[in-house]
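Each remark here refers to the structure printed beneath this line.
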Amino acid sequence: MSTIDRTDDGGPSGTNRTDDRTGGSDREPLLEVAGLQKHFPVNSGLLSSIRFDPESGPFPFRYDQSSVKAVDGVDFELRPGETLGIVGESGCGKSTLARTILGLEEPTAGDITFDGRSTDEIPEGEFRKRTQMVFQDPQSSLNPRRKVGHIIEDPLEGTDWPRSDSSVGADTEVRTEDLSEYAVNATVDDNADLVVDPVDGVATVLLTVRPVGDPTEKRVETADDIAVDLPWGFDATVTVDETERTIDIDVSVSASKADLRRERALELLEQVGLKREYYDRHPHEFSGGQRQRINLARALSINPDLVVADEPVSGLDVSVQAQILNLMDDLQEEYGLTYLLISHDLSVVRYVADRVAVMYLGEFVEMAPTEELFTEQYHPYARALLSAVPNPDPDQPGIESVIQGNVPSASDPPRGCRFHTRCPSFILPDGFSAAGYEAYDELLGAVREQELEGSDLDAVVETYLGDIDASASADTATDAAGDGGTIPPGARSDARQAVERALEGDWTAARERLETHESVCQSATPALDPAGGTTSDVVGKTERLTACHLEVTDEGGTREP
Amino acid sequence: MGLLRYAFRRFVQIIPVLFGIVTLMFVMMHALPGDPVRLYLGTEPGQELADDLIASYGFDRPLHEQYFDYLVRLGQGDLGQSFVYNRPVSDLIWERMEPTLVVMGLSYLVALPMAIGLGIYGAARHNEAGDHASRFAGLAGISTPNFWLALMLIYVVTYHLELLPASGYTSPFIDPVESLTLLIMPVITLATAQTALLMRMTRSSMIEELRADYIETARAYGIPERKVLIRHSFRNALLPLVTIVGLQVSTLLGGSVIVEEIFAIPGLGRLFFDSLIDQDYSVAVGVTLFFSTLFLIGVVLTDIAYAYIDPRIKYD
Amino acid sequence: MSLLEVEDLQTYFFTSDGIVRAVDGVSFEVETGESLGLVGESGAGKSVAVKSLMGLIREPGRIVNGSIKYDGQELTDLSEQELRRDIRGNEISIIFQDAMSALNPVFTVGEQIEEVIVENTDRSPTEARERAIELLDDVGIPDPAQRIDEYPHQYSGGMQQRAMIAMALACDPRLIIADEPTTALDVTIQAGILELFDEIQEKYETSMVYVTHDLGVVREVCDRVAVMYLGRVVESAPYEELYRNPKHPYTQSLINSVVTPDETLDELDPIGGTMPSAVSPPSGCRFRTRCSVEFGECSQLTPPLYDVGDEETHTTACLRYDDGVEREEPALHESTTSEPAVVEEQTDD
């Protein structure tokens, strides 16, 4: 599958791989992630976790085990030859996800299956040979003290490349010139596959045998009269038997592993659009874009199956970004790579990815084939993300809507749907207006914290729900003219009863009563399901998944359930 | 509240360390070659005295019992008996504490303002004449051995100039003037190396700070240069300094041994030194424990100061 | 008379590796209440240019030539003290790219804003604090009375930038310089900040010079735009005019190479090569080494800014527009668009 020209100068072979890497939907997934979680403890160590808490038991201390839930339940599949883009803003956990998948972090929970086997079972060496990562910052991911060529060779050295595969045979193909009178036999060592890519299980070395000088003048008598043209990396010993008129050629691999690695590094430099002479240079002599090419060369050196690229172009100028993305695309075709591309930049992802997953606060909120997602988004966050991208074309719409608020803390994520605190399409329960629900929610929050302001029933109800007008009819959904908005009368009476319970000390009952009117966005965490509910969008291997309580209508668009 | 909790936690963390030191002392004492009786009583003690000692110190008891005993006694503040002075070690330490702490304290008092002043000056006049001069002085200060300096001072000031007496100590709480004349040279000796080191640290820390982005912001908003230097940069530059200042407690403790010997100051350093020569082990161990505690407290105070200065340190 | 008139500004850095001509003949104007976008790739000299305006260039750099007239007053004539007292903070404010490192970590947000107010105006500390709370509220920070006493690291990235904006507004400046203020922020946070800039311009009528490499941002916030390449302004026009009718080859390539959200970009056409070194720039027109159309004169003459628009608001520095009309003359020789990459490191913007 490589473009190495084998006839002229040979060149080292890649590791054995099947020819067909890009798969159709009948291929098994290369990577499967199920229920993956990665939590980081907030406190470092025993002593730091101790909190002074006068209300807790005999010893006024408690142990604070809160953790940052960087990745909190992610599922997806990645098929060979595919590119999955994971998009999200800072703090959503995409980098942590990438690192956990590659084994740089230990998962807190969940399974990762690579090529059919659980990553727990795959020996690390093998896993590292088949997966590689391209990091974000081209500056710091390259060791400034080392030569670029050596950096590219690192994975090769790490996996002791090349290694001869004993199941691969070796053979020679001999061409002779002006030696019709002689029988030429050539043998080659079994490890010829170190240098030459095997085809159909055999590594074939092409050689040309000819006499030295003018064939008419001299007879071939000794080995010195014979010249053998060999590919790079080989040596030959020639024995001539004059009487029998035979020429025996014994071919062996002369290139050392260091030589082979060097040659491969040089090839890789060319493949990523750099020059072979750059081998001896140091990273600081290159621009950001060039450094990223070096990173790619390094990642590709051992022919991985899966490449995880974490913000591969984000530090680069826009025009350079395009060049690098082009290169990645070409390399994918050439090498049959599978990409997991992490980025915060939607435009980048659009250019390279087959499917896109949008991530928010540790979870996927929408996943779809790229063009479909860019045409229409079902999840409000995905929609907000896309509409927040500025567009230089004055004839196209610019930034349309701005979502308010900040990303909540990952150590204490919101209940139910994590995006609900900022969602412009928040589903209000019947009879509530936005302001009304806000007040109601505040009361609910206070009850959860077990901290109500005030001790008199009426006073408390007034404090929290005072500005709200009770709507007269049960099915009203319009805002009354009052200050704060509306809540349905059922909710109001339930609230009153709840407060009563709370003031008596029965917080649990109070909470439960209030929760009966809770919005579904808070009470239930939406699962990442095929959009459309009953209308299944499943088409072959593509699916549109979204984690939202809103329903997808048949005409497209979303509405409340 | 966060800071208090942090302080509390740091102090609590001293306990295991102290425990380790105490145990180490015990092990060392009992691992030393030689008869403990003889160590305590000198060479050829009388049998009766020896028996007494063995009984009272329990040297014939198994090691772990001795250890437990040792801990219990430590807890009660009993550091043993000095056989040279025939007095409790704790009393000795209590008496000699003052001169050492006074000398150390004065040393800090002299060194800190000078070092900081010169350091800021050097950073502000980075690479100009004044900077080079102060750097040279700093280098000289660090390179000068303190015992040499002490002896030179005595030689010049006492011997030739006959200005100041070379030995002795008077408490500043009793007679400040006389105390001062006796303390000038010892303090200069200790403070020189201290100043030099602190000054270099201050200077390089400040130079680093002045490159920060927020310094550019301050200038961009019209803040006068002097304020930028002192209020904006120095506060941040303080952080590595505080660490060094805290660690210098140990340097000073070591230096005090030499200085007290040379200037005949009856402090802990001298006590320690003499106890080693006299093989008065209980004193040696007692003083070591005291110094260790002092040092640990210094470290903890440093950490707390650090957290106070830098609000980014999460002490919750 | 414009609020800000910059003419032929030249700022050089005298380093041991040579003279870096970071800004080498930059001219532009900003009217009262107008916002000008300063666009270019990294290495173009945009940051150096705007910092020069406020006299923030320090050794080994300095302004070697040029005029900066603010409200009629020549800023290059002012002493450091005069600049500090009269201009910085009160007349012209600057917002930096990375708000986290632009704010001092050991002081609260409130203390920093109040200090700016106290140093530059007559207000008392109490008044300054009140004003600071007001400002934080204006820029959209929730619970300003509480958060004013927090430290920068306790703010999120977007909020830190809002705090910086509050600081910039503190003394009612007439000109705000924003040096890539949203480059380091997430796209949704950026949207919020851009919205804020819009509000500020409407409410206070402040003029702005907005430095960025992102044309999409310019579209949102700026009235006019000047495109910079390797220390020079190569084109200047009202934004829409520039986007629809770019005249300079660099501007054209820039627009074609930008990734926009509404197209599937197989049409992406990256500009070949990288920006040459500012120590030894190409002679004559600096863009000629990457230009698809190059005349012989391009290496001899430095093109001045020619008028190309109808109302004298569109100018471009390309020899094809000598008399305001685009020349159709065939190029004397084609130069390729893919230069071998230049290996030297670029200086900071």
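For clarity, chains are labelled A, B and C in written order, and residue numbers in each chain start from 1.
Here is the rule we use: a residue touches a chain if its C-beta (ideal position, glycine included) is under 8 Å from a C-beta of that chain, and two chains touch if they have at least 3 such contacts.
No experiment lies behind these values; they were computed from the predicted model shown.
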Fill in: Most distant chain from subunit C, judged by the mean position of its C-alpha atoms
B
Fill in: Interface ranked first by C-beta contact pairs
A-C
Worksheet item: If you average the Cα atoms of subunit A and of subunit B to get two centres, how far apart are those centres in Å?
Response: 55
Discussion item. I'd like the Å distance between the centres of subunit A and subunit C, where a centre is the mean of that chain's Cα atoms.
Written reply: 35
Worksheet item: What residues of subunit C sit close enough to touch subunit B in their complex?
Response: 54, 56, 84-85, 87-90, 93-94, 96, 98, 101-107, 115-116, 119-120, 151, 153, 167
Discussion item. List the residues on subunit A that touch subunit C in their complex, please.
Written reply: 89-90, 274-275, 281, 284-287, 289-290, 317-323, 326, 344-348, 350-351, 371, 374, 384-386, 388-394, 396, 398-399, 402-404, 406-407
Item to complete: Note which residues of subunit C are touching subunit A in the complex, please.
Response: 41-42, 156-159, 186-192, 194-195, 213-220, 239-240, 243-244, 253-255, 257-262, 264-265, 268-271, 274, 340-346
Discussion item. So in the complex, the part of subunit B that touches subunit C is made up of which residues?
Written reply: 212-214, 216-224, 227, 232, 235-236, 309-312
